[in-house]
Amino acid sequence: METDRIHIKVRFFAAPREALGKGELQMDVPDGTTVGELVGLLTEQYPVLRPYTRFLNVAVNRAYVGMQTVLRDGDDVACLPPVGGG
Amino acid sequence: METDRIHIKVRFFAAPREALGKGELQMDVPDGTTVGELVGLLTEQYPVLRPYTRFLNVAVNRAYVGMQTVLRDGDDVACLPPVGGG
Amino acid sequence: MKLCEITTAEISVDEVVSRLADPAIGAVITFVGVVRCETDGRAVHHLEYEAYPEMAEGTLRQIGEQICARWPTIRQVAIVHRVGRLEVGEISVVIALSSAHRAEVFDAVRYAIDRLKEIVPIWKKEVWAGGAEWRSEAVG
Amino acid sequence: MKLCEITTAEISVDEVVSRLADPAIGAVITFVGVVRCETDGRAVHHLEYEAYPEMAEGTLRQIGEQICARWPTIRQVAIVHRVGRLEVGEISVVIALSSAHRAEVFDAVRYAIDRLKEIVPIWKKEVWAGGAEWRSEAVG
């Protein structure tokens, strides 16, 4: 019996975007995956992201969220390194 | 025997300028006249200035001076009502 | 016209101030961020700003709303941040606050720039002679 | 180009900021004074500003020098004040201060506008529907 999976979009910016070599991933993850678990999955699949993940903030659908937030199908997830505007 | 007299220019701005009807007077005053005495003379000769004189600051040659300052021949005297820039 | 915007175009302070036009305002304070030639002793060649624009404009608007809630004398807040490649001397950001009188706007604009640097998803890469680095207020 | 000036022409914030151009600056704060439609409940039709220009430019420069002495992080100060007839919504004054970083400029620009209103020989006449009055911060 197969676990239900959801489809999400994950966006990257600045240093982790450059490390990854792209600004966006389309991913299928198990239903019930939290933001924190997603960050863990990403680090596993893309070791090049490791130096950045502990500083990441995550936004879902353009709002900052905590690591316990459960992802839903179609979510627009953004991995935000420390900001530096101004 | 005649008292020595000096020639000065006196400038007016804003409300007292409008009351006087002109922005500049050429005056001959006795040598040794102070700024305070000049203001007294002006009020006497031009009663229309009376409402303004107690608020006046005076500049001589473009610098604020006190009422005890002695005027010199050729001085450029300015009668400055309270300022309101900005 | 948007009060808050992420743009790739050159920023005009006059244009940002004009977004606040209102006959009841008597004072506008602006903070203008300019690309410096030097940071921490390193000669900057140019900067590259990157944003998450769909989110950054909303975050800028939030800062504006928080300011109006906290300082009731502030009438409106406009914030325009440029992204892309910027040369030394070019304007990176303009924050403009309007009020009927001049008191209180100073504290509010300081709050605006501090929050902008903390929470708005915009990143800055410094490019100098020997390399480049993404910089933030938070780390490094 | 003069840093401090009395002018009869329309003031551009961008133009005043450009007087501070210097690759070492990272922040400019401006105070922009705008003609309000209303003071003390009276509808202002327009304002007339009058200055003693030969003295006022020097007084503005003094304010700039005092700021640089008091806040060593301020690099330069530009102040441009317009005189003559000004309509509601027009800019009467722009004060711009530059510094390498953003801290401290806020206190300094507040000092600049307060001193400008106290000591610079510029006068403002408010013209409303039924009359006109010369106004100052000091009396009335």
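For reference, chains read A, B, C and D in written order, and residue numbers begin at 1 within each chain.
To be clear about the criterion, a residue touches a chain if its C-beta (ideal position, glycine included) is under 8 Å from a C-beta of that chain, and two chains touch if they have at least 3 such contacts.
This is a predicted model, so every value here is computed, not measured.
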item	value
Farthest-lying chain, centroid of Cα atoms versus that of subunit C	B
Subunit A and subunit D: spacing of chain centres that average the CA atoms, whole Å	49
Between subunit B and subunit D, centroid-to-centroid distance (C-alpha), Å	27
Approximate Å spacing (C-alpha centroids) for the pair subunit A, subunit B	76
Per-residue multi-chain contacts in subunit A, two or more chains	86
Where subunit C touches two or more other chains, by residue	33, 102, 113
Interchain pairs in contact, sorted by label	A-C, B-D, C-D
Complex contact set, residues of subunit C against subunit D	12-14, 17, 21, 23-38, 88-89, 98, 100, 102, 106-107, 109-110, 113
Residues of subunit D defined as touching subunit B within the complex	33, 49-52, 54-56, 58, 81, 92-93, 113, 116-125, 134-139
Subunit C partner contacts - residues on subunit A that touch it in the complex	11, 13-15, 17-18, 55, 59, 62-64, 78, 80-86
